[in-house]
Structure formats: C-alpha cells, structure tokens
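Order of writing sets the chain letters: A, B, C, D, E and F. Residues in each chain are counted from 1.
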Amino acid sequence: MVKIDDDIRELRIRIAKMASISIDMIEKASEGLFSRKSELFDDVIKTDNLVDEIDNDIDKTVVKICAIRHPEAGDLRFILSCVKANVAIERVADNAVNIAEWGLKINKYPQLKPYIDLPKMRDIATEMVKDAVDSFLDRDVDKSREIIEKDEIVDNLEIQVIRELMTYIVEDAHNIKTALRLLYVARAYERIADQATNVAELAIFTATGEVVKHRRIKE
Amino acid sequence: MNQVLLSVKDLNFFYGETQILHNIDLDIYKNRTTALIGPSGCGKTTFLRCFNRMHDLYRNNRYEGEILYKGENILKVKDLIELRSKIGMVFQRPTPFPMSIFDNVAYGLKLKGVKDKKKIRERVEKALVGAALWDEVKDKLYSPALDLSGGQQQRMVIARALAVEPDIILFDEPTSALDPIATSKIEELLSNLKKITTILIVTHNMQQAARVSDFTAFIYKGHLIEFEETEKLFTNPKEELTERYITGRFG
Amino acid sequence: MDRVRKRKLINKIALGLSVFAAFLGLFWLVFIIVSVLSKGFSAINWSLFFKDPAPPGFSGGGLRSAFVGQGIITIVASLIGIPIGIMGGTFLAEYGRNFKFSRLVSDIADIMVSLPSIVVGTFVYSIMVRPMGHFSGYAGAFALAIIMIPTILRTTEEMLNLVPWELREAAFALGAPYYKVIKDVVYRSAAAGLFTGVLLGVARVATETAPLLFTSFNNPFFTVNPNQSMPSLTVTIYQYAMGPYEEWHRLAWAASFVIVVTVLLLSIAGRFIINRRFSKR
Amino acid sequence: MDRLYVFKDRLFLTLTVLASIITVSIVIAIFVVLLLASLDAIKHFGVFHFIFSQTWSPHRHIFGGASSIYGTVMTTIIALFFAVPTSLGIAVFVTQICPKSLKGIFSYSVELLATIPSIIYGMWGLFSLAPVMRNYIEPALQRLFLPIPGLKVLFEGTPLGIDLLTSGLVLSIMIIPFIASIARDNFELTPKEFSESAYAMGATKWEVIKDVIMPYSKVGLLGGIIIATGRALGETMAVAFVLGNDHSIHLSLIESSTTIAVTLANEFTEADSALYVSSLFYLAFILLFLSFFLLSVAKFLVKKGVKRHG
Amino acid sequence: MNQVLLSVKDLNFFYGETQILHNIDLDIYKNRTTALIGPSGCGKTTFLRCFNRMHDLYRNNRYEGEILYKGENILKVKDLIELRSKIGMVFQRPTPFPMSIFDNVAYGLKLKGVKDKKKIRERVEKALVGAALWDEVKDKLYSPALDLSGGQQQRMVIARALAVEPDIILFDEPTSALDPIATSKIEELLSNLKKITTILIVTHNMQQAARVSDFTAFIYKGHLIEFEETEKLFTNPKEELTERYITGRFG
Amino acid sequence: MVKIDDDIRELRIRIAKMASISIDMIEKASEGLFSRKSELFDDVIKTDNLVDEIDNDIDKTVVKICAIRHPEAGDLRFILSCVKANVAIERVADNAVNIAEWGLKINKYPQLKPYIDLPKMRDIATEMVKDAVDSFLDRDVDKSREIIEKDEIVDNLEIQVIRELMTYIVEDAHNIKTALRLLYVARAYERIADQATNVAELAIFTATGEVVKHRRIKE
C-alpha cells in the first residue's frame, strides 16, 4: 500500500543478496586456501565486481528513497543504517578478496602447517556475518547482542594464530613469506568478524534507535 | 524504451500582450508520468492547458510554436471537440456533473455518439475499475455523483476521463483540494494509471511530483529550466536553479 | 463526423436564441427608458418642484406637495424601519445564531420581503386608518416601514454572515465583549454592504404605490403634518395617469422622469459601493 | 470596567431581540387582522363559493372572487410564459456568450429593469405599449391564430390593448430581470472547473450549458422562478393600468379582466358597505395566503439547493 | 531547564453528547514551541480551543478536568476577557480587522483600557518588530490592514496577539492558507518567537511540526498517544501508532 | 535564511573537528613511536572517546536532518556522504589508536631500525586525510582526484616497509615481535590513506552526484 514499503523491500533484497554473495566469497576463498584449490580464487576476485555493483545500487536506492519518499522514524533509521551496513558488507567482500589474493601466493608454496585455527575463524566469522545481516533485516535485538559477544572469540583466535605463526618463523626464517601471508589472512577474518559486529550494532540501532557503545579497540 | 507521444517545440504563449511561456521544448513519453513543478505563477497551469487548447475558451490568448501529436500540430487543429476527446483533463477540485455516477462516467461516450447500451455499460465499468472506484460505487451507480466524498468524486472524474480511452490525461493539482488520505489514494491510482495511459501532472507539492512521476519538468518564470528523469532531478539536478528550488532555497 | 456536425448545429441554434433573448430584454429597457425620458423630460420645469397642483383641468401648477409628502413619508418610514431592520438582522446573525427562533424570524422575513405590498396596505388600513377615522401620513410611513424592515433585516443578516466567523473569534480571542466585536469588527467589515442594503431598502419603498393608496391616500393641498392624509409622488402619478386630463398626464410623466432618474442614480451609487468593496477583498 | 462591558452587552442584546420580535409580530398581525376583517365575508359566502363565484356585484351585495382570482392566475401564467425562456436566454448570453467587456453593462442593464418602479411600468404599459398592442401586435396575432381551431378561443374579441395579454407582457418584463439575475447568479455559481471539464471532454458550449450549468443551478432557478411568480401574483400598479378592471371571466387573452390586487386598488377606498369591505379583505387574505404558500415552497427549495452545493 | 507554564490534567471535552477529547495529560513548557499533530478530525483544534475557552462561544460544550495555569484552573475561570488577554490566538486564515494596521495591533491594548497614546505606540511598534513586519509597514501604519498581502496579514495578526504580551499564543494551522514563500516566513518567525513567548501550534503538516517545534504531541481519536521532544518523536517514537502515523502508514 | 543551512553548518563543523582530532591523533601516535615518547600514546587512546562522541553526534544529526528537514539534491548527497565520511574518519582515528597501542609495545624494546619509510607514510597519509576532508567540505573535485592518485604511493611504501622488515626478521628471528608490530603500524598508515581516499571519493559524489569507480583491491 505504502510506496516506501516497495523501496524498502528493494533495499532489503539487495542487502541480503550482497551478504550472501560476500559469504560465498569468504567460503570459496577459504576453501581455496584450506584445500589448496587455487582455481577458486579467480572466481572470488571476479565476483567482487558484482558486489561493487550492488554496493552502488544500494547507495543509489538510499539517495532515491530519501529524495523521493522522505522516510521517518523506523524507516529512516533502517535506511540510514543500510548505508553503513553496505559499507560493512562491502568490506567483508573486500576481505574475502584479500584472502583469495593471499591464497594465490600461499598456495604456490608447500603448506606451512595444518590449518586448525584459521578454519575455526572462518566458521565463526562467516556465521557472524550471516547472522548479523539476518538480524539487521529482522531487527532482532537479542540475536545482535549475541553476535557482538562472539567477536572476542575471533579476536582471541587471531592472537593464537599469530603466536603459532611466530614459532614457525622463529623455527625457520624461510617460512617468513608464507607465514606473513597467513597472518594477513587471519587479520582478514578478524576484520570480517568486526564488520559483522558493526552490522549487528546497526540492527540494534534500527530496531530501537539506541546507539550501542562503540566497541573498544582491541589489541 | 521511452516512446515519444507528444512533442512540444518552441512553444510560446501569450495572455494578450504578456508572454507567459517562453520557448518551451519538451517531449512527453508514452505510458510515463511527467510532472510539472515550479513556483506559484510560473506558468505550469498555463502550459498544461495548451495541450487541450483550453485557452481557446477565452479571448486574447495566443499560441506560437507547436505541440506535435501524431504528426499534427495541436495548436493548429481545427476540430477541438475531436482533440479534446483524445486528451482528458482532471482539475484541482473534483468536478462531478450534476447527474448520476453512471451518467457522469458515460458522458464522454455519449458525446462521442456511442449508442450501444451494453458497450457503454462495459466501458463505464472498465473505467471505474481503472480508477479504483468500482468496488465502492458498484451498488449505487445511479445515485447522484454529488453524494460521493471528495476523494471518490475525484476518482470518478478520473474514471470519466478514462472512459473515452484518451491518449493522455492532464492533471492540474488533482489532490490539492483533498485530505491526506484521499490524496494518497489518488497518488496510488496515478502510479497504476500509467499502465493504461500517459499522464501529465501539475503539482505544487514537490514531494508529490517525486513520488508519482517518471519525468519532471521544472518551470520558472515561463521558461523550462530542466527536464529530467524524476530520480535524477531530485538527487542530482543539472541546473543551479533547479537545485535551489528543490532544496527550498527560493525567494 | 456527421454527428459532430449535428451537435455543432444545435449549438449554434441554441446560442442564437439566447442572444435574441438578451437583445429582447435590452429592447424593453430601451423602450421604457426612452418613453419615460422623452415624455417626461419635456414636462420638467421649475414650477414642477415649487408649485402645488393646479385644480383639475387647469394647466400650470406642479407637484411640490407630492415631493414634500413623499419625502416626509419616506423619512418617517426609514426612522422606523432602518433601526428595527438592522437590529433584527444583527440578532439573527449574531446573538440568535443558535436559536431556532432566529431561523424562524429569518424565514419569515424572507417571505415577508415578497408579500404583496397592497396586502400590507389593507393591513395598515385596518389597524390605523379605520380606528383613527382618517388617512394619514403616519399610516403610509408605517406601511412602508413594514415593507422595508424585512428587506433591511435580511440584507443585514446576509451581510453580517458574509463576515468570516474567524474574524469574530479573533476578536473574542483578544478578550473583546460581544457588543464590541459586533461594533468594531462585524459592522465595520460589513459597512459597505449594510449601507447598500439600507439604500436599496429605502429606494424600494420610496417607489411603492399600492400600500399608500389607502393609508396616506392623497391630498391636493400642501401639508407637512403627517397626521392627515398626505400626497405622495407615486399615488399622484397613479391618479393623474388614470385621470382624463392631458395636463395631468404631462405631470405624471414628469414625476416618473424624476423617480426614474433618482432610482437610476441610487442604484448606480449602490453598485459603485459594492464594486469598491468587492474589488478590495 | 468589565462590569460595564457586561451591562452594555446585555443592553445591545435586548435591543436586537426586541427588533426580531417586532418583525415576527407584524407578520402574525397581518394574518390575524386580515382574517378577522374578512370574517364577515367568510361567514356570508363561505370558502368554496367565494372562490368559484364570478358574480361581483356591489349593488346586489353579492361578492364572488373567481374573476379576480382567474385574472391573477392568468396574468401570472402569461408573464411566466414570456419571462422564463427570455430570462434564461439572457442569463446564458450574459454568462456564456457575451465578451467580458460587455458583460457588466449588459447584466446591469437588465438589473435596471428591476429598479424601475412598478407604477412606471403601468404608465408605460398604458401609454406606450397598449397602443402598439392594439394597433399592430394583437391584430397580427389574430390573423395568425384565429384560423387555428384550438387556439381560436384564446384570441377572440376586439383588440383594445387593455387586456390579459398586455398585462401579462408588462408583468413579464417586470419579472424578467428578477429571474434573469437569479439565473445569472446561479450560472455563475457553477464553478469554472465544472464547465471547463465538460469542455475538456469535447462538449460544445450548448452541451455544457444544458448538461452541466443548467442542472447544476436548477434548484436555485426553480426557487427564483417561484419567487418571481409570487411577485407577479401580488403586483398591483403595473397591471392596474392595462387590465381593464372587468369582473368577468373570458378565455380570450385579448379581453379585459382584473386581479385581486387591482380590485383592491380600485375599489378599497370606494367600498361603501361593511360586507363589501370585508369581501375585499377576504380577497386580500386569499392573496396573502397564496403568496405566502408559494414563497414558503420557494424558500424550501432554495434551502435544499444551497445544501446541495455546500 | 524546561519550565512548565500550563499543565493539562485529565482533560475531557464534549460537544453535546459526543466526547471529543479523552483524558489528556500534557505539560506546556515555557518559551518552547509545542506542536499538535494527528489525523484530520482527531481533535487538535478542539484541544487548542480549550486553552482560551473558545468553546464557550457555543452552546452545549462541556469541559472536564483541568488546565492549570498559575495555580488556577483555566476551565473554571470566570473572567474570560481577562483570560483571553493572556492567551493569544492566531487562526488558519488571516483575520485582519477592518481598520488600519495600527488600530489592529493596538486593538487588544485598547480593550484592556490602555489609554496612554505614547505607550500604545511603543507597544505597537514592539509587537510589529517582534512579528518581523515593522520594516514592511512602518511607512503605512495608518492604511487599511486589508491592503496587506496574505502573509503580511498573518504576521500582523501575530503582532496583534503579541501586543498584549500574552503568556502563550495558540496557532491553529497558521500557514495552511498561505503560499509557500509566506509560509516559510511565518515558520521562521515562529522559531524566533519562542524567545519572547510560548507557542502551542496545530499543524496538518507533519514536516512543519518537525521544523518549528521543540515538543510534539500526537493525538489520535481524541487521545494523546505520545508527547515527546520533537526530534525524538520523529526519529524514534515510543508508540507503534505514532510511528505508523509519521511514516505515512495510516488509513 | 534556510533552516537546513544551520544544520548543515553544524554537520560541517563536526566533520571538520573530528578530522582535525583524528589527524592530531595520528601525529601524536606517530611522534610517540618515532621519537619513542610513550607518554604520548595514552593521550591518543583517551582522545578516541571524544572521536566516538562526535561520531555519534554526526549520526544523530544526520538522522535528525533527514527526519526534520527532508534534504534534497546536493544537500541530500552531502548529508548521506557525511554518514560514510564519518565512518571513514572514525576508522582513521581507530588506526591512530592502533598505532599508539602497537607503539606502546614497540617502545618497550630497543629500536629495531631507523624509521625512514614509516614517517613518509605518516606524512602522506596525514596530508591525504587533511586534504580529503577539506575537499569534501569544499566539494573540490580536482583536489579529490589528486588525493585518490596518492593512495598508490602509500601502498608502495607499505610494500617497501614489509620487505625491509622481512630482512630484519630473516637476519635475526628475535626481531620478529617488534618487526610484526611495525608491520601492523605500516598497515595502519595504509588503511588511513585508504580512508582518506574514501572521503575523497565522497567529495566527488557530493559535488557531482557521480560515483567514482571502486578502486580495485590492492595486493
């Protein structure tokens, strides 16, 4: 009935689609890394264009809605949050691309170590993104709070990965290149989790108008 | 994809000695809604009324230039009766004729000489359905149109215009005499109407123009300043003047 | 396209007929005015205004007594009719707005406006002339007042109703008592209309004949005492026009001329006032 | 200060109430007084008999109102017959056809007709119109209609110019401005958008007038016509000169007749017997009743019209 | 910081038998602008007119509850003339009295019995300055108020209300009869006025409420649904109903 | 005259202020690192609260303006861009905090190497942020394009720093902790330059309505 509802639906679909593409990208990039299937990376890097397109579409739609529909209250909070969610999800995709790019190089060398913590990071980060976007679209405050809690797990995993990699470097300085690359991969997962947290915070703002205290900067 | 239905070329209009419209060039696209916006007195209504030669009802009005429509210049057409049955018009205030709802909607058909009762009935129903009024009036088609509420009257007037299957309908601030709820109904109707016809609408309310139209023309002091897709015009107008107008920095 | 041609033809015929009607109306007006002016103007001279009627059959003489009588009757009628009319109209439009009674008064006044004036004459005859035993200027004035009251009352009511209600509320909202609201805001806003209403009301009764026929009757002699029968222009015209003498007819035309010119001037004045008022709004 | 305000307010209110009461009392008094004054005649002749008896013979003390009533009704019908179409035509012309610059002059001219006192209509009728009727128009009508069997009765007799037809014509000229200005006002009340939207559908001017403007104003018009009818019924002076004052009923339009008002004007001051006077009052009462009735109807209609158009 | 000027407590209002307002509780803060919004017919005007007892002009109106103002219940006050000189009101359409501009603005003072010519002049000037009209009319104070444009008239009416230095001014859709430019002038004036007085304003136009007010009350079917700081109400209303109204999801 | 101008001025002031605080933070954190004055870091970390506050204010102001003023066209583009600029500048401040936090740890150990490229990165990144915000507020398209070009310099410098650090690690595995931390510092500068680029892109969008093609992800 209300025109703005159509536009909001359009936004929701775009956000959901972008999220699912980004998650696919993470999974493909990770799969390429963990199973050493470099052919997957190309796909990820190419898909990024699609994400950029949707990103643009979302921003345009937001401008359009604001210009034409003059959203208020809950609608307004949602629409403005979409701008930020869009930035966050776009960063998630960027990080997936980063993983793929590092992966390309990593896979050129023998596997440095069995991947144990990194897949864990992947699992949690991916789930966080998925849940965060869901709870953003559903304005689910409780779920959002749960997601924000999880960020710490990923942070801790990263520290663990860094420690482990350092031992490898100390062991054999030739490992350094691969180790550093894996370090950046870990960082990418951590950033992805961070962006998921951002989206979860936006979910809370959209639902309640309450700005969740900025997370403190982590080590 | 956007097919030109009417093409305004270098249109000038004069009330007596005073020139109101200056060198307007504009295309009206088929099955699209085109909105005319601009400050009060800029000539929107005057422009709109060129399309069905309403100005001919009064003396001392003069057109120059052309409005091309199916290869003919509207401004030179001799048979206004024929022309006006192709180009419908809806006014600011609802204008139900003092007859039954049915007779109102059938009026244009009768003028056209349609005699076949069954055909008239069909067309009336179709028009009322098209104007999203059928359900509300189907049980009282023969009661006076004046008994309808303002919003219903306006939709009936739209049905009346639709009944003769015009190529284009001109709207002159069709909601400015209505309350907000009736207004939003008409706006919804407008967005659906373009499936079956072409719409040219004058509105005072910029937001309304933004909501209902595909193209928007900004007129200022009788000049066409900018003509653009609505979305473009409202998010990124080319002209400084347009920008100032739509951001409320005028006057 | 044949149908369209037929429609256009019908259109032409119908419009042609209405142009004809309009010129017919204009024709009558010209006919009447020209008759009155041409026949009346030639009879105008000073003695018309300064001499009393000559005895029947004699030439010369004027209508001084009738002018004066007419004047006195009209003034007395106005003194009674204007205040009652305006106050009554004020009641209907203001204090009495919410009462059923005032709607009744308004309807009655509306109907009274077009009651046959001769009936009013018979009424005044039976309540004043018969009891007093003689015709009198007062009776005539009273009859005219009765005719004047509903006109003025209704125009007053209408003019006051034209004043937007918000204007009164605005005055109330400043803490004004009702009579001040009426005096300062309502009357002032309606002033032009009220004045025109009064003007037209007076003009209307000043040209009445029928109610005077058996109230003030007529009097061949000059008098300024309204307590006896009194001559008036209109009744004089009636008698003279019906009478057999050429001289009387001449005087009747002259009097008609004066009346018509006066009425024209008054109505032009009234129109002027209204125009000014409405062009301002 | 405020107490003074309250007092003044009360005083003003009282005055206005008084004025209204006086107005109503007058109307009631008119009814009561006329009824009382006609009681004699009512007792004597009854209602039915008085209305249908043609005999009006002061010498024999027999009074029947039929001839006066007939004349009243006939002159009115003739007046309406001429006035209604002409007035509508004038209104159409003024509002729809004539150029703006002439509009003011034209409608003002028609209104001027209304300001001319009725006595002058009477005089003009007697001295200017009657000769024309007698010498040209009535003979012409006779030539035209006498051969037609059905219409023959309406035009029999010697054309004198002092008759029903002339009276009706004078009356019609008197009420034309009245109906025309009401019609014009009502036509003008039709908002421009309404007629424009009919034009915008391709209607011709006449179709716009017929389908939109006329129906839109019909209630107001009807009210106006009825009020004009009331005027015609009660008009005295315009008719008194040209009707001939003949207390008998003729079908022919070119015969003399009388109306209630004319009878009153001519005979009231000369009535010598109480019954005569009472009979005249009786006539006055009937006239009062008739016009009161008509005007009430008109009032009702106009109110309904106003309600309809907000 | 927000000081209560008027306090509405459990207000009910009846037109004859029909109850229009139900149990309204609300505080009006001093030197703040409070807007009343709500769908047509919800009782905004009715509510506003309780404050200066305008309803007493008509019969069969009944108040219940209280509007506390300096320790007194407005609804029980006997001296309406005194009350109304404390509480000004501005209507939808401009209401210039048929007198000169000066006399218009001085009218309230004269009613109050102020005789001192100099003082009157001073106050009139001050009021006109306050209403941002002085510069436009200072050279024609004695010409008829009816000669002003609509927007100027409305500002003059505001000056007239200001002249008696009221504690609060009630506005009932003060711009709905004005064109956009005059409207924006009045809106600007409104934002400045709260420095010198308190404002209670009814508006049909939600955006206007958003622009000019500090507090907004949303009324629905005679009930006060929500009363909040304007910014809060428009970005994050507490009530579902308010949210639906301001996001246009009504009816 | 126009109310929205007041609000926009408010936004501009906040953005400018936030930017200048963030730049101060970068400079202080860098100074602390390069001149080994650890006492400066605390200040930086504390100042971040202020940035968070302004960040919140800006978002609130944007919501308010949209709800109350219904901006259109240029105003609208500017206001929506502020949301994104706000995110970017907030990230700049975060990265400054990151530098400070790493700095705290780095300064505990002897200086690994003379800082040559890092100060260069600092200089360029700081300048980019400053210029980007300026050109955003001035809607200066040309300047914005220049800024976007500069991003590559910073990227290249980062690569250089990484290479150099790797040699240090290979040289002596004990350097690994400090070297890694310096690596993260370099990354921080790179991120700051990226955010400046984002702001410059917003400047172009605000001024022209044109969305600048998403930069391709760098190695």
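The definition used in the following text is that a residue touches a chain if its C-beta (ideal position, glycine included) is under 8 Å from a C-beta of that chain, and two chains touch if they have at least 3 such contacts.
Since the structure is predicted, the reported quantities are computational estimates derived from the model, not experimental observations.
Asker: Please give the intersection of the contact partners of chain B with those of chain C.
Answerer: Common contact partners of chain B and chain C, which must touch each of the two, are D, E.
Asker: Same or different, please, for the chain B to chain E contact, judged on whether over half of the interface numbers appear on both copies.
Answerer: same
Asker: Can you check which chain pair, C-E or E-F, has more C-beta pairs in contact?
Answerer: Counting C-beta pairs in contact, C-E comes out ahead.
Asker: Any idea how many Å lie between the Cα centroids of chain C and chain F?
Answerer: Those two chain centres are 90 Å apart.
Asker: List the centre-to-centre spacing of chain A and chain E in whole Å, with centres computed as mean CA coordinates.
Answerer: 53
Asker: Residue numbers in chain C touching 2 or more other chains?
Answerer: Residue numbers touching two or more other chains: 7-8, 177, 180.
Asker: In chain B, which residues are in touch with two or more of the other chains?
Answerer: 81-82, 111, 207, 234-235, 248
Asker: Provide the list of chain A residues touching at least two other chains, using ranges where the numbers run on.
Answerer: 1, 63, 67, 70-73, 76-77
Asker: Mind pulling up the chain B residues that touch chain A in the complex?
Answerer: Those in contact with chain A are residues 187-188, 191, 207, 210-211, 230-231, 234-235.
Asker: Taking the touch rule as given, give the residues of chain E at its contact with chain A in the complex, in rising order.
Answerer: Within the complex, chain E touches chain A at residues 206-207, 234-237, 242-243, 246-249.
Asker: Can you name the residues of chain E that touch chain C in the complex?
Answerer: Checking each residue of chain E against chain C gives 52, 54, 57-59, 80-85, 87-89, 91-93, 95, 97-99, 107-108, 111-112, 146-147, 157, 160-161, 164, 170.
Asker: For chain C, which residues count as touching chain D in their complex?
Answerer: Residues 7-8, 10-11, 14-15, 17-22, 24-26, 28-29, 31-33, 35-36, 39, 83-88, 90-92, 94-96, 101-102, 104-105, 107-112, 114-123, 125-127, 146, 149-150, 153, 177-180, 182, 203, 207-210, 213-214, 217, 234, 237-238, 241-242, 249, 252-253, 256, 259-260, 263-264, 266-267, 271.
Asker: Of all residues in chain E, which touch chain B in the complex?
Answerer: 39-40, 179-181, 184, 204, 248, 250-251
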